[in-house]
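Handing you this structure, nothing more for now.
Labels A, B, C, D and E are assigned to the chains in the order they are written; within every chain, residues are numbered from 1.
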Amino acid sequence: MAEKKPTGTVLVAGAGVSGIKAAIELAEIGYKVLLTDSSPQIGGILAKLDNQFPTDHCGMCRMLPMVGREYASQYCMRKGLYHENIDILPFTELKSVEGDAGNYTIELLKKARYIDTDKCNGLGECIKVCPVEVADEFNHGLTRRKAVYKPVPHSTPQMLLIDMDTCTRCNACVDVCPTHVINLEAEDELLTRQVHAIILASGVKLYNLKEFEDAKSWAVSPDVVSSLAFERIISGSGTFDGEIKRPSDGKSAKKIAWVQCMGSRNRRQKRDYCSSICCMFALKEAVLAKEKGGDDVETTIFYMDMRTFGKDFYRYYEKAVDEHGVKLIRCRVQGVMLNPDKSLSMRYYDSETQKFFVSDYDMVVLSTGQIPYETHKKLADMLHLEVNPLGLLPTETYDKVKLVKPGVFLCGSLMGLTDLSEAISSGIAAAGQVSRYLSSIDVSILEEEAIAEPTAKDRDEPLISVVLCKCSEKVKESSVDFSALGTGLKKLNSVGEVNIIDMVCSDEGKKTVLELLGKSKCNRLLIGACHPFMYRKSLKNLAKKAGFAASLFEIIDLSSIVHKGFFESEKKDHTREAYSEIRSIIENLKLKPALHVEILPINPVALVVGGGIAGMHAAFCLAQRGVEVHLVEKTDKLGGYAGTRIEHTIDGLTPVYMAKDLTIKILEHKNITLHKNSEVVGSQGSLGAFETKIRDLSKEENFYLRHGAAIIATGGHEGETTEYEYGNSDQILTQAELKDGLATGEIDVSDAETIVMIQCVGSREKQGREYCSRICCVGAIANALTIKEKNPEARIFILYRDVMTYGFTEQYYTKARLAGIVFVSYSLDNKPKVELTDGKPVIKFIEPVLNSEIQLSPDYLILSTGVDPEASNRDVGKAFGLPVNEDGFFVEADSKWRPVEFLKVGLYVAGVAHSPMTLKDAILQAEAAAQKTYAYLSGRKIHTAHTISRVHDAICVRCQRCVDICPYGARSYDEVLDRIIVDGATCQACGMCGVACQNNAAEIMGFSDKQIMAVIDAKLSKAPMFATAE
Amino acid sequence: MELCLFLGCNTPAIRPDVERAIRATMPELGVDIADAEGYVCCPAFGSFPSTDDDSYLASSGWNLSIAEAKGLDIMVQCGSCYSSLRMGRDHLAHDEVKLARVNELIELTGRKLECKTRVRHISEILYNEVGAEKISKTIKKSLNGLHGVIQYPCHTLFPSEIVGFEESPREPKALRLLTEALGATVDHYSRELQCCGGAGGFSKSSPAEATEFAKTKLDAIIEETKADFIVVSCITCLMYLDNIQKKLNEAEGADKYK
Amino acid sequence: MSEFEPKIVGFFCNWCTFTAADLAGTSRLSYPHNIKIIRMMCSGMVDPKYVIKAFLNGADGVLIGGCWPGDCHYINGNLKARRRVAMLTEILKEYGIDEKRFWLRWIAASEGTMLREVVSEMTAKLKALGPSPLNREAPGKEKK
Amino acid sequence: MANFIKVPFKKGELNQKLADIFKGMMEKGVVNALLAPMKQPKRGVMLTLVTDPFHLEAIDPFAPVAPVNGAKVVSSITAKPSGRKMAAVLRSCEIRALVELCKLKQANLEDVLLIGIDCLGRYENLDFVKLQAAGESSESFIVKALAGNTENSGCDVSGACKICEFPVADNVDLRLCIIGTGPDALYIESLTPKGDQALETVGLKTGDTPGNREAAVQQLVKKRKEACDEAFAEYRASTHSIDALEDKLANCINCYNCRVACPVCYCKECVFVTDTFRHNGDQYMGWADTFGTLKMPTDTIFYHLTRMSHMSLFCVGCGQCTSACPNSIDLMPIFRTAAQKTQQRFNYQAGRSHDEKQPLTVFENDELVEVTGQVK
Amino acid sequence: MDFSTSDKDLWKQIYNTKDLLHCFNCSTCLSGCPASHGDPPLLVRNLARMVVFGLEEELLNDDTPWACVSCSRCEEMCPMDVKPFEMILAIRRWQTSNDETRVPTAIVEIYKRGYTQSVGTNTELRTSLGLPELQTITKMPEMLKLYQEMLMKTPVVSENDYMFNEE
């Protein structure tokens, strides 16, 4: 026998959302993941945010796996994360990386917590006695914490630690700890691990008001806070329980100002970049402040450019301004003055009225940016790499996530300041890169667990074995009489045995349990222990070893019953409470059917719709991993818009060349079948088994493709316009026409004196493209710079509304200004006016700085007309049953947490079909969509969850209310079979079908009405504990 | 230590009391003073710096070279002089062409400028060289029980990389620590970092607005603090605030500002 | 006779409100023990039958806890729940089960404090309202 | 728009006239079948599906009886369509229920020519048989009922009919009008192109106007509404508590006849007869423990409240539940008062329009804020 | 504004530095400027724009650069390091070199006695304070002469020599 290949193991360093996403993706396809984070908890800054733009909601849990959901935690991610294939190491820092590609030796510094969190009951007796009080980092110093503390106050289970820098070693905590888990002598541990690949996801440092000089004009009062601190103020779990009060005196804050670009767009501070997310962040906070604080809250944002460039961001901006009345003032302010009444004065110049104003605010929120360079330098050193000229980690030309070092990838804000959607996409893409990489080296995936079908014994009359851990008996307040409890439970119908054990979580405890269960005749098992979150995995294994079906095993959190949540003054009968709680679980367990899973038939073929760069890249990513791909392209040419029209981009990319290169790869790859001149006309099926009707436009005939999943990458093209006399003069061109003309030499600018460009033509307005096309500002700058190169004497004016050079593209804006290109802003209600005089364009506009009208007769008037979606999106959407938004772009499953997926599992989106984006972002999404697809087509067995919705055909009336109400589109009516079909992969067991169905013909297995009503009975039962004895 | 005192014009001509104080206290604190014979205008920003580089930097060079010849650093009290000299020196130190041109111009004095001499503000000397501790040990008459407020001269703060000596130009503390060393209590007020508005053309071209501007500051001091005195380390601030107080008192016929 | 202690059945969404209850528990934000919590995957999973059953079994109040609109793990289950609650409230009201006894509240995972407030407030209001007409056991009620 | 045809008839010939028209429709192929109330050979009138025009003689569309709600009948015939065209003559309550069933995909009106009749009420089935035996005819009923007189030999039309605000059927292709048309004429009103087509094919041309109809209908509706408000007020005053409800339902034996008769209770098998409600002995004992006693059969109130939660939004107030109860429980007001509230809450009216979505399958992001009273 | 007459290269004459071109009109310079309280206000941002646009005539006639108090706040706070105070001095220089009426009278004083104030003439007061006699340049005719000789080699003095020679 050949030696067993090692299991592919990946380090994901950084457990913010992008790292978590990458880890989950890799774990889902069977790799082993080490997920570390230097902070004491996971979640990154998201742990602090209750609401994230652009939806103002959370929904972080939506990033959990859909199909393999039962392998991962199924609870709010603020509680933490659990996945069978992920080892989470918080408070652990990556120290060194040595070795060669595919075989890295890493050193991890596991910092001492001084508390054994595996054994700590999290009740915080130690916190009560700790004499040290310091400012709490989590709430940005708005609250105080002890030296022993909970790093995330609202996390459950509580993961306490001791801050040795402030600890006085008084030993009070050690003395009081009921579980003896505090060791003040604990030391940091240096762990050495072998990994095959590494994903860096550490994020970057955030601008700190205490650290930087330019913040000091602002840090005059505790009422001047960073945007993250404000997030804590408005958070329900925050400093004032969600009420908006100013920190200095707790007075409710009614007038709040946001100041943008704190620490960013600052050449003087050597940070000439834009932090990308702060504009939306501020808008969101301003809206939330109004929503939470009431109508009388006044919110003002001081800004330079409102950079609302992402999908749906512009609509958010409109809503914030028009509906919520958020006030925007375009002025960067020097600082703030603290008045004796604690109000904060800001003086600003209003260009519109040409006047100075002084306004007083209750609070000032600073939109603090990110500080990338330090982190990048440190990581580069560790990896023995040089940072690139921008000071960032060197990545491959087209790949934002692939480092030049093989086997090392990055995601999230390390790429350069990402919003949530991009962070998630990049996490998936990095996982995709890793999986592509690992499939090229000699490693295996974790062995699939054999799927245990329910046995005959499981179908027998229920007989429950109850195991209770009595360790919580030792807690002071506890007054649970375990023996009485055991006697009471034993008398319940269907309870076969009750065993009371000490310390089930200990090795010895487990041994005892295993022995006891070995002799048991029971077919169902209930274990009562403290902190089931922590032990779920080991207890689950224990139950499995003892021969219990996964679905017939329940864990109950005893500690929560014993200690939690009762008014101290009311001495309750805890034994009785525990009895009642356990009984309700027993009632449920005894009615629970033995559940089984279904293996989904998977046709390991992928369909990619659209042969642009995103589609081709996705196809190639899949083919490289052995997936058979059909690539369908509407035209007779591959490359799409960018791949056929754009020779060069400002960041040095050559899309046309790249498309040619990809085309060759596609044509040569044995796994890829290309269908040109073809379009999708219809599709049906579900994950693993789609059947799609394709029309061959040249032959005018239809054919069918069977495939397991599909990626929609239909792309887009330059927008069209009739505004500004376009089409009436050959001196009026679009940016693309200019670019082409400059490249071919058809447009000669060598004698041009004046060239005017207008941005946002037909974009970002109600009657037009109600979105930012993202690429036009940089595109205009690129063209303008090309003109300047050819003719430095040309005067170029770019008329803009907001210069959308977000992130590191700010450098191009700066470069353009240095080249003498003049930027003039205009507003929607004062658009430039273009007239033709003798066939030549004459443009008039108001220059807002000097507030005077300018008239120019440019040699060329160039219009930035944005990006339009493919018109065929609607048809493709209809064919697959996928939603298309009012702008004509596809609507993904969740704008933040599932950016490349559709609600229906098995269908994915990439590139401009999703929204206007840069080439690199499209490639990133293609990689991510390919990864999502690969996860199901890799050849691993894909099965449904145990808990899933089913149909009882015999009593189903086919009213299809369940079909209408299913949020995922997991249910459909099959006319031929005259049955309701459940897509087992897409169904998430939310139970909405079960409620819509009035006679339970739709039912969630394991959540039947019978069970729940039995629980209600048990919860309200007045029956005495000793039904027969008393 | 010994420093070359650059007095400027306002101090010796209009407020020799300040000069008297400098000459009386500095040697006591271990700073010996050498006079800069034949020095000329710093030059004031409204003069040569507003006309051309040559005349501006030649005047700077003239003055700097006097101290350099003595091998001493320059100590300045007047904020404007300090700022002008430091900016002039900064230009020369970073621009060889300009330095060469200035050396050409001042050649007739027989002095040569290498920009070795540093220009230092008296408050920086007191803060960094003498130190608050030494001052509080040396004082003869403590200001104990008195309240003071600080007027930070802009010229000693901005631009920080040229004229600054504070750890944080946005949160200056030297004058406060020095004042506290004298035994006084320093009160804070909202407009602590506001400019007095006295320098340059502002007070001449917009006298009413400039007066109002200074008045807001003075009013803040009166309303928000128990100040018995205002600490200034710049002769312009001193003269201007004094004048404005006088003017305001006359205008209001009261004795509010003192 | 001891003071009337209302019994509340809480159908809590696994993702938000149930987590908040956990949080309230572990942060020692004590809330009245009057509530009997039943974990549902989603507030949209709460069948009117469960609510009716709870009242018929003598519950003095029923509290459904769900995610804030937009936060629902299952996209929009909470919004469907809201409609259903509105419908059921009308029926219960018609037959003498006061709408003050049947609450739907949005309580996010991080809002342990709000959970405590809601449960306390509901307990207090139910105390003032007295036992449910279906709570035959309550003090002062005749046994039927 | 006057889209009426006057169909004069001589006394005793109304049914004949109608039979002729339908015969024409069947012969001209407008429809292949007719579903209409028909006199049964011995006694009684039942909805009958006629495919041979020869039998049309016996139809009696205006017979004041509805032994079952016709919506269920149409549902049985059309849920899985036959592909043949059928005309169905129904009363408003049946049509409104049918609209709901269509939304629930339990009926399909594509091949149905829907004909509504002006309904002045129905007698309970047995009462009708009695009156029929006494020689009463549909025509005599119409005359008396239009004069406001429905009581006859100690029988009266059902309680539901007395408070019915919908004597005239909507959402139909054709309407057979007798209100405000004079004693010697029926008017046929066409409301859809389908209706126009049907009339045209049989050679009937519209263009007449029944003089008094509008006012007569309005007056009748007004009267009914007042009666309804009064009845509801009276009912609510006496039943506004759970105890009163228990009292009303005291004799319920869980026979589920009400749900069988209900046109909008469309489940194949009620959840209450499924496994979900098949309890174990220890459960019964447990419940008995809770209150000391347990009335059997259990779950009666539970059943009725749950049924209300299931059907109140679709309830059309036809009163079949009351008619069906073997223990003479007057269920109609129980369900209708609740239905009034729930439908009002969503500004929904069962059977009003095919386009109105049933309230529990749709939702808006920003609505019903008062339910939680919470604003973010 | 008519840009057909504006000189796009004017900024090179006035303030030939890339620093200026960095300006993105953020208004930071305005918000804390003491002289922006004046009437007319000093609007540094607008001056930068005028220079970039090459609005020669408007700039020549603009008095506001002279209202600057030289506090250099703008310099400290400018996120783009435009060095606005340097720019203001540069505008003044360009104005004086193009318009002799702009030449500040102070430089005549300085030329004549070395200072803008009459330093060292208040002997009585100084003596009463116990201050030494100052070796001012006014009292050192040889030295003053050298100074004047030196200044005469500088553009502003040589080009406007009539202002300095008349006695």
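In the analysis below, contacts are C-beta pairs under 8 Å (C-beta built on N, C-alpha and C of every residue); 3 or more make two chains touch, one makes a residue touch a chain.
Since we're looking at a predicted model, the values are computed, not measured.
Visitor: Please give the groups of chains connected via touching, computed with chain C left out.
Guide: Chain C out, touching clusters collapse to one piece.
Visitor: Going only between touching chains, how few steps reach chain E from chain B?
Guide: 1
Visitor: Which chains does chain A share as contact partners with chain C?
Guide: Chains touching both chain A and chain C: D.
Visitor: For chain E, which other chain has the most distant CA centre?
Guide: D
Visitor: Higher C-beta contact count, C-D or A-B?
Guide: Most contacts of the two pairs: C-D.
Visitor: If you average all the Cα positions, which chain's own average lands nearest?
Guide: Taking the mean of all protein C-alpha atoms as reference, the closest chain is A.
Visitor: For chain A and chain E, what's the span in angstrom between their mean Cα positions?
Guide: 56
Visitor: With centres defined as the mean C-alpha position, give me the chain D-chain E separation in Å.
Guide: 95
Visitor: Could you give the separation in Å between the centres of chain B and chain C, each centre being the mean of its C-alpha atoms?
Guide: Result: the chain centres lie 71 Å from each other.
Visitor: Where does chain C touch two or more other chains at once, residue-wise?
Guide: Where chain C meets two or more other chains at a single residue, that happens at 48-49, 53, 57-58, 68-70, 76, 80, 84, 137.
Visitor: Residues of chain A that contact two or more other chains, please.
Guide: Residues 56, 214, 217, 335, 965, 1009, 1013, 1017, 1020, 1022 of chain A touch two or more partner chains.
Visitor: For chain D, give me the residues that contact two or more of the other chains.
Guide: Within chain D, residues 271, 290, 310, 360, 376 contact more than one other chain.
Visitor: Which chain pairs here would you call touching?
Guide: A-B, A-C, A-D, A-E, B-E, C-D
Visitor: Contact residues on chain B for chain A in the complex?
Guide: Contact set of chain B toward chain A: 160, 168-171, 189-191, 194, 223-224.
Visitor: Hey, which residues of chain E end up touching chain B in the complex?
Guide: Result: residues 34-35, 37-39, 42, 63, 66-73, 75-76, 83, 85, 89, 92-93, 96-97, 103-104, 106-107, 110, 114-122, 125-126, 129-132, 134-137, 140, 143, 146-147, 149-151, 153-157 of chain E touch chain B.
Visitor: How about chain A: which of its residues touch chain B in the complex?
Guide: Going through chain A, the ones touching chain B are 213-214, 216-217, 335, 337-340, 345.
Visitor: What residues on chain B touch chain E, complex-wise?
Guide: Against chain E, chain B makes touches at 7-10, 12-14, 16-17, 19-20, 23, 35, 37-41, 43-55, 58-59, 62, 80, 83, 105-106, 108-109, 154-155, 157-160, 163, 169, 194-195, 197-202, 205-206, 208-210, 212-213.
Visitor: Could you please specify the touching residues of chain D with respect to chain C in the complex?
Guide: Residues of chain D touching chain C: 236, 239-245, 271, 290-293, 301-302, 305-306, 308-310, 312-313, 337-338, 341-342, 344-346, 359-360, 363-365, 367-368, 371-372, 374, 376.
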